[in-house]
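Residue numbering begins at 1 within each chain, and the chains themselves are lettered A, B, C and D in the order written.
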Amino acid sequence: MRIGIIGGSGYTGVELLRLLCGRDDLEIVFISSRAQAGNRVDSLFPSLRGHVDLQFSDPDDVADAQCDLVFFATPNGTAMRQAPALLDKGIKVVDLSADFRLQDIAVWEQWYGMTHHCPALVADAVYGLPEMNREQIAGAMLVANPGCYPTTVQLGFLPLLEAGIVATESLIADAKSGITGAGRGASVPNLLAEASDSFKAYAVAGHRHLPEIEQGLRRMTSTTVDLTFTPHLLPIIRGIHATLYARLTADVDLQKLFEERYRDEPFVDVMPSGAHPETRSVRGTNMCRLAVHRPQGRDTAVVLAVEDNLVKGAAGQAVQNMNLMLGFPETRGLLQPALMP
Amino acid sequence: MRIGIIGGSGYTGVELLRLLCGRDDLEIVFISSRAQAGNRVDSLFPSLRGHVDLQFSDPDDVADAQCDLVFFATPNGTAMRQAPALLDKGIKVVDLSADFRLQDIAVWEQWYGMTHHCPALVADAVYGLPEMNREQIAGAMLVANPGCYPTTVQLGFLPLLEAGIVATESLIADAKSGITGAGRGASVPNLLAEASDSFKAYAVAGHRHLPEIEQGLRRMTSTTVDLTFTPHLLPIIRGIHATLYARLTADVDLQKLFEERYRDEPFVDVMPSGAHPETRSVRGTNMCRLAVHRPQGRDTAVVLAVEDNLVKGAAGQAVQNMNLMLGFPETRGLLQPALMP
Amino acid sequence: MRIGIIGGSGYTGVELLRLLCGRDDLEIVFISSRAQAGNRVDSLFPSLRGHVDLQFSDPDDVADAQCDLVFFATPNGTAMRQAPALLDKGIKVVDLSADFRLQDIAVWEQWYGMTHHCPALVADAVYGLPEMNREQIAGAMLVANPGCYPTTVQLGFLPLLEAGIVATESLIADAKSGITGAGRGASVPNLLAEASDSFKAYAVAGHRHLPEIEQGLRRMTSTTVDLTFTPHLLPIIRGIHATLYARLTADVDLQKLFEERYRDEPFVDVMPSGAHPETRSVRGTNMCRLAVHRPQGRDTAVVLAVEDNLVKGAAGQAVQNMNLMLGFPETRGLLQPALMP
Amino acid sequence: MRIGIIGGSGYTGVELLRLLCGRDDLEIVFISSRAQAGNRVDSLFPSLRGHVDLQFSDPDDVADAQCDLVFFATPNGTAMRQAPALLDKGIKVVDLSADFRLQDIAVWEQWYGMTHHCPALVADAVYGLPEMNREQIAGAMLVANPGCYPTTVQLGFLPLLEAGIVATESLIADAKSGITGAGRGASVPNLLAEASDSFKAYAVAGHRHLPEIEQGLRRMTSTTVDLTFTPHLLPIIRGIHATLYARLTADVDLQKLFEERYRDEPFVDVMPSGAHPETRSVRGTNMCRLAVHRPQGRDTAVVLAVEDNLVKGAAGQAVQNMNLMLGFPETRGLLQPALMP
């Protein structure tokens, strides 16, 4: 199978290469980057010396490349312009940006501050959360790969909402992300001198992932869903930890509920009762690791959920979706253990 | 005034020295440590070379020291045994441990796993949160210095509870602490190799600061208070960030409410509307910095509160209490700006 | 092939498991730990959930295990007692500790503060640096796996000493190690609160790796070798950076010298002229990455060498040696790219 | 006394404010920043809320401000254009940039890639290292504040060179700097995601501080001085650690030599024999802390020197120079202990 990557100079681009470069069932045909066109990939990313023997292509030069599937690892607003031509040629697309995630075009345009370029395609796009949509993904031409926060938060709330045992009008997601979630662009607030040895919340008034998460949660239940979503910036490289709060409306065995819901999921791991997952336990892996608590036996359920924002929250889930779309085993290339410590 | 410090080899001990060593209105008469007795303070803490010309004393050798006030910077269970003799001699005491924080002895014994040695004294101890109890502290012989989490969480909820505008039976405090909160003891989980570049919750089933916080919150309101308190470990040295959630039961101007409540407080700073305080903005200072939000205009208030856990959360608040107890200006020695970056 | 690991609860133990657990040409028969005996490996190391289905064994229970090769990931002083019995049964041994590294028993006893238990075996042990001793390793029963600093420093100096173009009586190695080099034991100086956001040298008066490095360097040359070796502690998890200084006695093309010496080495990568290798570029990999400089065209050569101290500096090199000893391809299981960022 | 700060939005600017804001013998008349003109200082730096009640001025608006002394905390190339007009008005100047540090204009122009705008002034500028030039600084109108690396490296070598006991043609300075040394500009390599949990050398072929250091070292001796200077980037916020190597040509008591040379220096601290200074022990302070070793009793001296690059390496030394120039006690405002941990 022939694979292309559009927009390869950011963290999701290099992460796709890390996950794909050892596979002999795939050929990476091109990786494009306007800024890096002509430079060797391994001069920008020396970690890939000996693993990736490619130069970055100019995006304008790859329009005619013969591929089976193309990843968009581009800023928001690019895939919606370029994906249609690829799809027309029968090339499958996994978009790691937000262009096809929200079904409500008006909401998308409000949060992303752009006019959507191909609203008609949005209805055909499948939201790439395999734990919800495995079968539709396998048959999709266009997959909207979920955001990093939305993956963790949705997987954490899913068993509770499907079971209908929590008050869905007052859900809370207190989420903390490593700094790669902010991308590889030069930025003062993301300097080591600014962000290390410190911690803060951001975008408390409203973050773009809020409508994506609420859209996903509403698919899990027939009731109203209102979520308070508070993102925070962690002084770590990779990792998201979501601490989720929901008021219980029924008395069920939460541990059993979570274990049964995820028993057959290869990339969701429910820890034993009483456990506290660490972000490092999934560093570099496609795993989302969960624990569920009920402090003091009161009526608030607390779910702890961790993922690597660049893997299960981005490139790894994209590869998982690609595996489904191209008929490979779902877990192929995604089973290495975490780098710990 | 003559000051003694019992238990000086931990982080609150060295922090007391940092805050006190430059003052010419005080004399540090002794600092004790059983493990370090006989060693120079500045050989253990080279940062104090040229500032502190003392050796650690054996705790058994300081019983007869003439002091006006003694700080206990000891593990839980020590002050309750040694404070009575000091108080009998007319020496004032600020206890940085938890021995005198909970008025309900049975609750204390349950959470701390010990029999309380002088329960009768507990009723006389004043809880050292000046923003609540300034006058009683000024007249107290024995002050129970608040815990690090409880200081931030109580100061964050205080205006909401005093105003009676939130549902107090479902409060949530999602709190994140730098690793000095765990003390200076050798410990595998607190190694840099284990705790850096990672993040986790801990003690979700129950943390000792829960009853202390709930006791404090109940004093602010006449209604039932139930708090879900989730502590997390941050890979930073100093700093607590508490993200507090409360369901609003009335429609008030939250920004104005907070600004008015804390207008005259020297160590609580309410940031402008829309702000996100960073822990580093209070690094090394006695300030608690707050911001209040109401995301999406819905009915959940979100309070962001930061402090330096070793200063406002421990040694700085202890000095603030000492200032009040000894008749010094409350802010003396506590007004240096944060070390930033 | 059947593999055993003695001493599995430290960082080299868990790293051996990470590198070996995915191989279908090996079976891990046991992993022992006196302290953790009976506990599941993945309860101590949740990163291995789903990858390693083993309990830690009591060291006393594995004496009769049938193995082809056993790794010692134990503190110094253990392998010298237990290896002889294994060797007598025909089981090959890779010792990751220092017990068999120094050929001069008196020097070993001086630096390690113990009487050597089986000095006769030391002469038979092969020093496991494949870039020097590949053939002897392939035929060895007992391999002394090099220390973390010695691997980097020797590989960095090797081309210069073999070529005979530097003054060997005044070599300098200014080396910086991530904190996992200090092991997983509880320790105050290695707490995140003590070691993060700081930097220091240590053991400048003399470090155990000095005689090991000097022994290795002397094998590369017929002249006297005197090394000044200054180790420093980096606030990072994994990684060693050695900055090596040697006075040139001849005028040669250093870049060409290094590239030719290491052209066929799978785990030594000479970067292009002018480059500066980063430790993160080898994070999690068995690669040693080098660059060579001659600042201002003066007569001092500066070599920059990085490795992951837990991989090429410990467990990875041990697996490389195992591959050679058991007849597997040398690079098997060791070719994944670094985790970057 | 009236003080102005030109270029206040970088790290040396905010650090000058931190050190000066509490003094009642000074008035900060203005702080300028073209990019931030009109914004409150404490909105950019919330750590200064309650401490600095100023807005950033437009640099063009401060030409007529009445001041006794002006600090330039600007990029290289600014002070050489603006200082002459201030000096003409009798205003003293401390330049924290490199414009007046090198006496050889040709060398300056080569390393800084600009034509020097006022070469005639360079001869009048005093190099602001008080431990070398205290008296000239006290009488100077224009002080060139030393670079961060040059301060540590010169103070570390000074006793050896003055005593004439080392081979000065082969000195080595292996220096490691915290990331604030790179300034507050947006930059990909200085992102937390790029620089944390990693370590590298940089500018090994030649760094601008090399000619500054060599100029300083040559003033200490009558012999030739050749230095190999290797800077490295530490994943810490503040702090420089220089590890200095020199071949001894005479047998002297190094500990005594260092202690005697610096006995009366308020900001150089020679640690006891065998010690290893940590950068955190000087965090936030104006101290340079030294230790000297002679490993294995061989003929190489190893000096360990630490400073806070923003204080003794920049703003603190600038205040020390200001104190001397304005007749204040040299140590005023600079004696707070380090923030540790």
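Note that contacts are C-beta pairs under 8 Å (C-beta built on N, C-alpha and C of every residue); 3 or more make two chains touch, one makes a residue touch a chain.
What you see is a predicted model; the values in this text were computed from it and never measured.
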item: Higher-contact pair (C-beta pairs counted), C-D versus B-C; value: C-D
item: Centroid comparison with chain C (C-alpha atoms), farthest chain; value: B
item: Separation of mean Cα positions, chain C and chain B [Å, integer]; value: 45
item: Centre distance in Å when chain B and chain D are each reduced to the mean of their C-alpha atoms; value: 37
item: Whole-Å separation of chain centres (CA-atom averages), chain C against chain D; value: 39
item: Interface hub residues of chain D, defined as touching at least two other chains; value: 11, 180, 193-194, 196-197, 235, 237-238, 277-278, 280, 283, 341
item: Touch list for chain B against partner chain A, complex; value: 170, 172, 174, 176, 193-194, 196-202, 204-206, 210, 226, 228-230, 232, 234-239, 241, 243, 245, 247, 274, 276-280, 283, 293, 295-296, 298, 300, 302, 304, 306, 341
item: Contact set on chain B toward chain C in their complex; value: 11, 178-180, 182, 184-188, 190-197, 235-237
item: Parts of chain B lying in touch with chain D, wherever the complex brings them together; value: 11, 14, 17-18, 21-22, 45-51, 180, 196-197, 237-238, 269, 271, 275, 277-278, 280-285, 287, 289, 335-341
